[in-house]
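Order as written gives the chain letters A, B, C and D; numbering starts at 1 within each chain.
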Amino acid sequence: MEDVLLLIVVIPLIAGLFVLAMPARSHGVIRAIGLIGALIPACFALAAYLAFDQRQINLQFPFTTTWMSIANAYNSLTLHINLGFGVDGISMPLVMLVGVVSTLTMIRSFKVTERVKSHYFWLLFLTMGMYGVFAASGIFTFFFFLESTLVAGYLLINIWGGEKRHYAATKFLIYRGLASVVLLAGLIGLAYVYASTAQAASNSVFIPNAPNFLTFSISQLLTEAQLIHIPAASQDVLFLVFLLAVLMEEAFVPFHTWLPDTHEQSDTGTNMMIGGALMKIGLYVMLRFAVSMLPLGLAHYATWLAVLGLVSILYGAIVAIASKDWRRLIAFSSISHMGLVLLAIGSMQEIGIQGAVFMLVSSGLLTALLFFTVGAQADRTGTYKIENLGGLSKSLPVISGVMLVAALGSVGLPGLSGFISEFSLFVGGFAAFPTLSALASLSMILAAFYLLWAMQRTTFGPANQALPDMVDADVIEYVPMVILVALVVLLGVFPGVLGDVVHGTAQAIAARIGG
Amino acid sequence: MFFGLPITGETIAFFLLALIIIVSAVFMLSLTNVMHMAVSLVGVFLGVAGVFILLGADFVGLVQIMVYAGAITILMVFSLMLTHRGLGEHAVREVGAMRGTTTFAGIAVLVAIVLYAIRNAQWPGNTTALQPFHQSTVTLIANAIFQQYTVPFELVSAVLTVALVGSVVIARKEE
Amino acid sequence: MALQPFLALAAILFGLGLYGALTKRNLIIVLISIEMMLNAANINLVAFAHFLPKPNIEGQVYALFNIAIAAAEVAVGLAILLSFFRTRDTSDVRDMNSMKW
Amino acid sequence: MIGLTWLVPVLPLVAYLVLLFTGKRMSEVAITTISVLAVLIGFVISITVVSSVAGHGPYAPVVYNWLTFGPTTITMGYQVTNLNALMLLVVTLVSTLVFLFSKSYMHGDERFSRFYQYLNLFVFSMLGLVITSNLLELYIFWELVGVCSYLLVGFWYFKPEAAVAAKKAFIVTRVGDVGLFIGVILLYLGTGSFDFTTIFAHLHHFSSMQSALGAMGRDAITHLMTVQTWVTISALLVFVGAVGKSAQFPLHVWLPDAMEGPTPVSALIHAATMVAAGVYLVARMFPLFQASAAASETVAIIGGVTAIFAASIGLTQRDIKRVIAYSTVSQLGYMMLAMGVGAYVSGMFHLMTHAFFKALLFLAAGSVIHAIDTQDLFEMGGLRKYMPITHATFLAGALALSGIPPFAGFWSKDDILTAAFDSGHYVLYAFGLIAAFFTAVYIFRVYFLTFSGTYKGSKHPHEGGIAMTLPLIVLGFLATFAGFINTPFAPLLGNFLQPNGPVGYDPPANWGLMAISAITGLLGIWVAYSLYSGGKRADAFAKRMGILYQLSFHKWYIDELYAAIIVLPVVTIADGLQFVDRYIVDGAVRLLGEVGYAGGVSLKYSADGQIQTYGLISVFGIAIVLIVALLIGGVL
């Protein structure tokens, strides 16, 4: 069990190399390898999830090997750069989410017929990157995998996307690349500020890892950052840097315009990956670094966080109403949902942190499901434009039904995973910012409006005569739909399966930020 | 005292060499006749070889004479002659005065700053010995090349071979 | 003797070489000027090897490597020149601009 | 049998799952049998539950841990109290009858099994709602019944009106749901619990809430609030939820449109059960409203206004189902009025009798629609001859609705009016009385237009089968006699609902008021008879009423008003913001990109391909760097 995370990260890469070794014509073999290469790590992730010790708050399943050491990196301290993995209650669910989404994406991408070999290679590469990001226990490892997702995402959009894919891919690359640069500054700044403060404080405070102050180890930073009292001024600056990175990474208003373009131009499989897992990285960074390690910075900017969150919530919801393309609508909807997470983080409540993880997982599943069903109908109708659709319930009852489930889940219907997430986030929000949260709750009405309106125009009403004859979901398409719906319902009915894992870590974070 | 240096044989030798090098270089740049240029080029290379020997690097100095003053100069002269037609035509097409002056000014500033820096910097103490190494430099170089720098040495030989073959391929007349 | 005169000499030689490389229109002259710059660098290497508190032979070794690489460079450069001259009937550097933009 | 209570909601859920997976291959009879059995068994269990509760009083909740939620743990489970048991009984009874009725009503529909799936899911949610053990669970089921309503209203999705109505129903109730949602959160934050008992215990001594509120928030508003305002705001927000679900003014607009759904759905969901959930919610949270006079007063006013407002619209509608729908809104207003003035028992009593007679009216209307395939009142007439059972039961329902003694509606409605009068709400009493008059007029307008006179249609009408008539007969019986369980002579229901002493305000019988309301009802019937029995005089009367008739016929233009002041601005703002997003926010981004691109393009001409130029520029660059280094000092 010790190396499980290493295996989870490495297997997709190995599978990707196998894919490269296959002849380009043998699509069947390549698809099978792709599926297996995503399925095995997903099973390992499930095993790890089940074996996860809920009472422990440290990083679990640790694996570390030193890659290189830089002597005299700073103040005559040695910096060890590690390849390290480990998960806690925040990252474990996200690793599991990547497992689910990547496996189902492989199944969905059976439909890709163009340059199958490189498509599967990059999908597997992206899978590896996302596993690595969420499983990393070191800043270097984290950043390395973050950048690898950037490369894979860029190529997946740029090669298999829609008409304006080059534009969208470049935008994706520039925004996320910029976010990475800012993030890197924040991460290195964090390590150095920690090192100097710890060195100065080591005379008066007992530091378990002394004199190994200069470190990229996330677990050491997590446990010791609060011991040494990083000065408030440094925390403020660092937090601001992280906040800027997260705003771009997670497409918060006003840095959001790349997300609708990206989703609009991407292939369905890529959209599932990006919307389902990749778009959770930004807020994960927020929780992992900014919130956990810079409590004073968080306290200082909490109101800003809430306001920025509110802006994204309402802006995303309102623009979604006017969206004419399903994929843009989903993109704005997810901007709105992520704004809610930001608001809840700003509340500095344990329940808000827990809700944040819930929302990341839930919106990952629901976004993937929405993109899958929207893509499935577009495979048949040939369009994503809402106005060109209509009456799909008649010809595609199953796909329409699942689409409705996904839409209702996004609206926050109890019994599906969206509800408990929204509820937790709002409890957190109201505890700290009643006025802002009350305004944010307008988004619940707006969400019902834009999603159900779009559903009405898509699946209800008389069938659009311009649409071709269609057959409903085939066997292969049932698999992702059934699994995702089952998981969404499972989380909605028994949120404990997720809540028990998150609870301990959320409590620990809340204790750090004094919530 | 000469530029703050004691007037010894060494110093005199240095200044003579320096004079040869600089004057040759200036000639090299200002003359237009091919043969004159070649002669001044040899002057520069030989002067530099002299400086090497003055610094106790006798082996390097000899290599300098062989490679530069010998091989490279001959190569250059041959090329100049081979392309004489082009040279004759275009020799008049020099850069404009404006461009020349600007370039000169820029380089002058650069060199001046470097000289200023050289003058002001703290350098390690003087070595008076003509030959600071207690062994023959050839032995030392051999040790260094064949023990410590074996791989670079081999790489350099590979580069030379590649350059040789490459030159032939490039310069060969197309069929 | 001290280090500075050698460094100064090298700097001046470097400057002259640079001037030639930037103003001369004949490719051969430009190559020659570059050789002069390389010579200036070699002077520095050997001078430092001589005058360091602990004299070190490695400066000379580097100089030797330099000379070898310079020889290779001249060979390839002249080959390119000949090829260029044959096709374009000129050895003017200003005509070698087909890779701009 | 009390231990089997959990089976009551679970059985329909099981039926739902069975139908979901195998329904397509089943015959209609099998589907109906499974569904009816599921609720019928529930009904039997409910009877035993009611009898044991009557002897024992409320039981403790049965719960299991659901989710660790901050410092607390959310539990899920069920609780049997007297109120819950009563609701259980009513819901299972009406469901059983509607399930039976639907068999022939939906006969031949290609999505027959889907219909029963949704119905089963709805009944599960509704039963879960009424026996819930805490406030969050209540909210969960509250939303679930909403979505079932959405699915069932939009059941005939290919009709554009049905699609629009379904969306409207969901979104308008969603407005109310968000209110309830916030109310639940505020109550949780104030008391640290979702449990009814814990919350109510805190309401008894405000000081315990003071500390919880003090610990909260960096928001200025929390500091300005006293505990009393906090409680009032929470209560009002909870009431907003009830307003949405029970279609009270101003969120009533969805219910009449929801009549686009199949008629059994209207009978079950939009008359008897789900819309009454709002009243049930207020009853369940009764101590909260008792703790805030302002909130109670609001409930009463909204209820009274809705009662008269909806009744006034019902007077002129042409669609038989819409008339009954407005009647439902109006009657729900009565119940809210009762809750608002504190007449807990009266409200619940009316909820129960209303469930019976309104389900009856809808089913009878459904029977009519099924027979002649139209909903327009002016295309009906003379059906008394063709459909005697429907006629008789409809008449019973109409009499009950009009409050004519001794029918069920008389006793419950009169209770409410008495309570309003006795508690000093004279204006609201007047509203109620006028609404009662309107009620008698519009329901007998329907009656006369449908059953008297001569038949105008072409299709030959006939009575439905036993599956249709049996529910009508049972409900007709209940509409006639159910009132006797809580007469002033024998307040059985009152005693049942108040095992631990009186709850709220229970007025003594007032014979004078009783007589007035009975006379009002009779007067209404007479007006309806004189106007609509012959058919001619109605048009002249409508003309004479002029603008009032137009206002009523166009539902006071509320829909148009909402379209103009809410929907239009939202959509316009959305379009505007979309434009801003695309051309200003994204435009700025693209402009930045274009500037960079243009800069690159213009700078590329400086790269003339001359290596010597590059070298010269580099020389200057290096010179500048060196000069700067020299000026800064210390570097060289």
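Here is the rule we use: contacts are C-beta pairs under 8 Å (C-beta built on N, C-alpha and C of every residue); 3 or more make two chains touch, one makes a residue touch a chain.
Small disclaimer: the values here were computed from a predicted structure and weren't measured.
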By Cα-centroid distance to the whole-protein Cα centroid, the innermost chain is A
Expressed in whole Å, how far the mean CA point of chain C lies from that of chain D is 89
Which whole number of Å gives the spacing of the CA centres of chain A and chain D? 37
How many angstrom between the C-alpha centroids of chain C and chain B? 7
Express in whole angstrom the distance between the two chain centres, defined as the mean CA positions of chain A and chain C. 55
Can you list every residue of chain D that touches 2 or more other chains, as numbers and ranges? 616, 619
Name the residues of chain A that each touch 2 or more other chains. none
Where chain C touches two or more other chains at once, the residues are 18, 22-23
Go ahead and list every pair of chains that touch. A-D, B-C, B-D, C-D
Quick check: in the complex, which residue numbers of chain B touch chain C? 3, 5, 8, 10-11, 14, 18, 21-22, 25-26, 28-29, 37, 41, 44-45, 48, 51-52, 55-57, 59-60, 63-64, 67-68, 71-72, 75-76, 79-80, 82-83, 85-87, 89-91, 93-95, 99-100, 103-104, 107-108, 110-111, 114-115, 118-119, 123-128, 132-133, 137, 140-141, 144-145, 149, 152-153, 156, 159-160, 162-164, 166-171, 173
Applying the document's contact rule, which stretches of chain B touch chain D when the two form their complex? 99, 102-103, 106-107, 109-110, 113-114, 116-117, 120-121
Enumerate the contact residues on chain A facing chain D in the complex. 171, 174, 253-254, 256-257, 261, 302-303, 315, 318-319, 321-323, 349-351, 354, 391, 393-394, 408, 411, 413-415, 419-420, 423-424, 426-427, 430-436, 438, 441-442, 444-446, 448-449, 452-453, 455-456, 459-463, 494-496, 499-500, 503
Which of the residues in chain D end up touching chain B in this complex? 616, 619-620, 622-623, 626-627, 630, 636
Within the complex, chain B is touched by chain C residues 1-9, 11-20, 22-26, 28-29, 31-33, 35-36, 39, 42-43, 46-47, 49-53, 55, 57-58, 60-61, 63-65, 67-76, 78-83, 85-86, 89-92
